[in-house]
Structure formats: C-alpha cells, structure tokens
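Here you go, one structure.
Letters are used for the chains, namely A, B, C, D, E, F and G, taken in the order the chains are written, and counting of residues starts over at 1 for each.
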Amino acid sequence: MEYIYAALVLHNAGKDVTEEAVSAVLAAAGIEVEDSRVKALIAALDGVDIEEAVAKAAAAPVAVAAAPA
Amino acid sequence: MALYTTNLPQWKQDEVEQIVSYSGEYALTGLVDLHGIPAKQMQEMRRDLQGKAVLHMTRNTLVEHAFTAMGAPIDGITSYIDGHSALIYTNDNPFQLYRKLQQTMTKMAARPGDIAPEDIVVEKGPTSFKPGPIVGTFQQAGLPAAIEGGKVVIRERKVFVKAGEEINAKQAEVLSKLDIRPIDVGLSLQVAFYDGTFFEPSTLAIDETEYYNNVVLAAQQAFNLAVFAAYPTAQTIVPIITKAAGEARSLGVEAAIYTSDIVELIIGRASLQAKALKGMTE
Amino acid sequence: MEYIYAALVLHNAGKDVTEEAVSAVLAAAGIEVEDSRVKALIAALDGVDIEEAVAKAAAAPVAVAAAPA
Amino acid sequence: MEYIYAALVLHNAGKDVTEEAVSAVLAAAGIEVEDSRVKALIAALDGVDIEEAVAKAAAAPVAVAAAPA
Amino acid sequence: MEYIYAALVLHNAGKDVTEEAVSAVLAAAGIEVEDSRVKALIAALDGVDIEEAVAKAAAAPVAVAAAPA
Amino acid sequence: MEYIYAALVLHNAGKDVTEEAVSAVLAAAGIEVEDSRVKALIAALDGVDIEEAVAKAAAAPVAVAAAPA
Amino acid sequence: MEYIYAALVLHNAGKDVTEEAVSAVLAAAGIEVEDSRVKALIAALDGVDIEEAVAKAAAAPVAVAAAPA
C-alpha cells in the first residue's frame, strides 16, 4: 500500500502525481522503489478522480464489520 | 362364513361381489370413518373425490363377508371396521390418498358428546355479547366471564375442554355461541391395504413443509457444489464468473495490484485507513 | 436426502417424478429402495412446487446444512 | 444440473461418484447421457470435499439481482 | 476455477472465448487440459453476457476486511 | 485485470506465479505482454497469501442489492 | 491529511515513524514542512497501534462505486 500512500501524500498536498514524484517520496522514506509498480500505479491512476474515490469510500456503509476483538 | 355367504339373498350376494371386484380393480382398498359428517358435506366430499377414488357405503356384515371370502392377507382389514366405516378404493398410493382426505377436512361446530381433538382454548378479551343471561351461561360452563364497559368479556385465557375429553351440552352451547368450531370433519382414513401391506394413519401423515424445505435445501446444496467446484451449467456459469471476478478484485485490493479496474478501491481503502489513524491521533 | 436428489434428477431432466422413476434412479445408484419412502415422497411432492422451490434456492445463495444422511 | 444431482444421490448414499455410477443414475432416469459432461463433472469434483462444498454458500452475490429493468 | 480464470483472461483482453483459446491458455500455464471440461465451459457460456456477470462482482462490496488480529 | 486472472489461473492450478509463467499465459491468450506490468504484479504479490486474499471475496456480504437501473 | 499519509508510507514500509522520517517524506513531495505539525503528529502517534487503526478501516467494505449506467 505504500505506493498508494505516497500518491496520496502528493495529491493531498496539491502536487501532481507523477512517476518521479512518487519515486522521490518513497525513496525519501528509505524504500527501495520498484519502477514497475510506480509505472503501474501511474497508469492505473490515469483518468481516475482521486477526490471522488476518497469521497466514495467515505460514503460507504461503514456500518458493517465491527472488527472482532 | 364363506359357506354362509351362499345362503345370502341375491342382492346381498351382488353387494359382496361388488366389494370383491372393486378390490381387484383398484390398487388400494381402504376404510374411512364417516362419523359425524353431515349429508351436505358428504356430498361435497364425494364430488371432490370423483375420478380419484370410489367411496362405497354398505353394511358392515357384508363387508366382513366379502373380505373373509377374499382371505389373507386382505381379510385383516375386518379388524379395523367400526360402526361408521365406509370403503374407499383408489389407484393412488396410501400417502397420496391420506393427503387428499386431509384436504377435505373442515372445521365444524361441536355437538354434545363429541371428543375434543385438541385442547379447545377460549382466548381472553371482549366478546360481541351485550350484558344479559349469557354471562350466567358462560359462567356455568366454567368460563371466567364478566361484564366490563357494557360488554361481556372473558377475563382470562382458558383451556375450555382438554384434548380427548368429551364435550358436554353446556360446553357445546357456549362454543357455538362463541363461534368456535373445534371438530375436524371429513373422511378420516382408518387403514389402507396396498401392495400387500396395511398402512395406518400414523405412518401416512406427511409433513409437506419439510419436503418443501428439503427440496429447497437440495437445490441450494447442488447450486453451492456446482459453484464451488466451478462446474459450469446454464444455471451456475454466471455465479461462477461473478465469483471468479470477485476473487480477482479481492486479490487485487489485498495485494495492492494497481490496475484501472480497482485502483479506486485501493485509494478508498487507503483513505479510510488514514482517516482511522487520524481519528486515533486526535 | 437421496430420495429428494433423485426426484430432482428427474425434474431437472424434464421427466415425470413417479414412483417407478424415482425407484429406478435410486436402484441404479446401488441404493436399497424403501417403497414406503418413495410413496411418501411422491405424495408429498404432489403438493410441492418444485420449480418454485428450486428458484427460491437460486435466488439467494446461502450457507446451508451439509447434506444430511 | 441433473448431473450434479446425480452426483449428490450417489454421495448421499455413501457411494463413490464415478463416471460409471453417474452415467448409470442418469440413464436410469431416462436421460440420454453425454459422456463429455459426465467426464467434466467428475473432473470438476476431483479433490472437492462434497460435504463441505455443499454447505458453503456460493460466494457470489448471484441471482439476487433482480435483473434491473 | 482455473478454466474460468482462463476464460476471463481471454475475455478481459477482448479475445473470443473458444475451446482452442481456453485450452491454449491452460496449456501455457502447464496445466493438463481436460477437453470435456473445456467443452462444458464453452457450452455453458453460450448466450452468457460475461461482462454483466463480471459487473455483478463489482456491484458487491469487496470485503476489504483485514484479518483481525 | 487480465494479469490478475492469469495469476489466478496459475495459482489455482497449483503452479508458481512467476514472471515467466504469467507472461506465458498472457501470450498464449494472444495478449501483447507488458513486462513492467508483469513485474509490478509479481512484486505486489510478493508475500501475499493468495488463498487468503481470494477468500476475502467470499466474506463479502452477499445481500447486495442489484445495481438499480 | 498528507502528514498522516506520510506516516503511513513509513509504517507500511516497515520504517520507524519519526520526526525526521516524516519530514523527509513530506519534503520529498515538495511540501513545505511545518515542524510543529510534525511534532504534534509524532506526539499523537505515541502509544497508538497504527496496525490496529489500519486494520479497523480495512474491515469496512469499500463501497464499490458501481454507479450503474
């Protein structure tokens, strides 16, 4: 999930989510970056409205699963 | 007895022969109890059975003659005969006949001397009666009746006649006034002789709901098995594909495999996690 | 349940569910057929809408009891 | 589905679910048996714990869908 | 399920789901292909809208449930 | 999704999900394989219990209303 | 939220969530880091089981958009 978190750091800060930017964030965290996953992420995000995806998740019926103890 | 038969008048001999010939003609020979069936209902029931079964009423002595003449094992049927028996013939199997006869049962008002087939209960609450001598009638019969708000009410729920007890005249009157019809009236099967065997009602009672539930269960099991084993049929292929697609999406989200179909899900998940964490830091 | 399954084999194949047919299916499976159970089955199914019962099963996939004996 | 039901007849009666047995059951039901379907069934069931599979809800949110107009 | 997944690989890539194609995919995965299962699959798929069946999965909430500790 | 499906073909058949294997499956389906996507897939699956991840789909609440028109 | 996401990038990659690490990640994203917010975050996270928080969120089914056509 760290790739998506990195993308969301950027998105939340109003930055463009590019291969370079994501790689930079991950590298700064001391993570060995796999180019292919960064590429896959950027490709997958093409045309995706991150704001909307976040909003949809928030609107989801969270009710369900009270995580069992 | 068989010897004695030959001395019967012709019409009786004909009657005996009729009984014997019916038993040869139909797969099932049975006895039904006609006790307490009013003529009107009797006619309706005969009509209901038309084409499915033959109901034959005759003198018990002639029935005994006939079966004794037929010999073992069918002569065993004579031990089931009572004062209100009639013969029934059908090609249905005994379970089917029993079921059909059950369906002809209706509820009737009780007459003095009837036996309560089950606990007869009078519920607590208001009745439709205005105050009057009826309160006394109820009370004498043992009902906790009283007058409240200008109406006759039953003060508490009461088992009025216990199952198996005889219903006396007073009780019958009260039940009729309250429009409670406790008596099952219909052709009740006493015994069926079929395929060399006697079937009694206790064996023949079928819980249809259970069969229905079992058919549903069987269908569910078959469906589950087919989907689980990914055995494709016209009925199961769509659920199987849906299941496969769901599994792939689940794997994609769990493993954070970034593809366009599910990236929104992964984003959603990440954002929820961030929110949850934020919530714990505030 | 094998009596029910046998009936459903027949029903699904568009065959009449008769005593003879059910008995034949069970016998072919090497099952010692109890006549009275077959008779009871046929009588009971008289009042059951198999099509509807099956449709009901398909309408909502649920976990069910394991095949009872 | 009659092939599945045939397998369940056998399984419930404690018999082995083999090609021959399934074919025999289907034939007894007056069904023209398709060898390849029998083979497919046996292959699909290979390694499957029928007891368990039967009890498990088919996970898909299947039929539920009253096909929207 | 591998036969189903093979069909979905093809479908997702916009290819026709034929006996040959499914067999080729399975063979490439090192799977010993059973003709009868392929045939049964293709026969069952006749007239089925795969897209719609797949969409049903999307309509179901993916249980994102992390295994509770 | 076809990359994921390809992985599932392999996994379901008890084969190792490697770059080569996934590529072979996709190629057999007539798909032009993108190396970086295969690499990203394998990287993402590293350390993931596919069995468990897939099973979570089954945990999803079934009821799900059909997508209304 | 970018501070939180930064913490999650680190946590997911198995790194310690320290002031320096969070600052580095944010800086790499081109974000002007506010020291006091970083300090506040680290202080707030003290004693928090990030794993648990994350697991709880994951337990909620992500509502799949499936906005039907």
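Here is the rule we go by: a residue touches a chain if its C-beta (ideal position, glycine included) is under 8 Å from a C-beta of that chain, and two chains touch if they have at least 3 such contacts.
Molecules present, by chain and UniProt name: B = Large ribosomal subunit protein uL10.
If you're wondering where the values come from, they're calculated on a predicted model, not measured in any experiment.
Enquirer: Same interface as C-D shows up in which of D-E, A-G or A-F, over half of contact pairs matched?
Expert: Repeat interface, by the over-half criterion: A-G.
Enquirer: Could you tell me which chain lies farthest from chain D when each chain's centre is the average position of its Cα atoms?
Expert: G
Enquirer: When the C-alpha atoms of chain A and chain G are each averaged to a single point, how far apart are the two points in Å?
Expert: Between these chains, centre-to-centre, one finds 11 Å.
Enquirer: Quick check: how many Å separate the C-alpha centres of chain A and chain F?
Expert: Chain centroid spacing, chain A to chain F, equals 20 Å.
Enquirer: I'd like the Å distance between the centres of chain C and chain G, where a centre is the mean of that chain's Cα atoms.
Expert: The answer is 58 Å.
Enquirer: Give the residues of chain C touching no fewer than two other chains, as numbers and ranges.
Expert: Counting only residues that touch two or more other chains, chain C contributes 1, 5, 8, 58, 60-65, 67.
Enquirer: Do you know which chain B residues sit against two or more other chains?
Expert: Touching at least two other chains: 218, 221-224, 227, 230-231, 233, 235-236, 238-240, 242-250, 253-254, 256-259, 261-262, 264-265, 268-275.
Enquirer: Show me the residue ranges of chain F that touch chain B in the complex, using the header's touch definition.
Expert: It comes out as residues 1, 3-5, 7-8, 40-41, 44-45, 48, 50, 52-58, 60.
Enquirer: Using the touch definition from the top, list the residues of chain G that touch chain A in their complex.
Expert: Counting only chain G, the residues touching chain A are 1-2, 5-6, 8-10, 12-13, 15, 21, 24-31, 55-56, 59-63, 65.
Enquirer: Could you please specify the touching residues of chain B with respect to chain A in the complex?
Expert: Contacts found on chain B: 256-260, 263-264, 266-275.
Enquirer: Tell me, which parts of chain F touch chain A in their complex?
Expert: Residues in contact with chain A: 35-41, 43-44, 61.
Enquirer: Once bound in the complex, which stretches of chain E touch chain D?
Expert: Interface residues on the chain E side: 34-37, 39-40, 56-57, 59-60.
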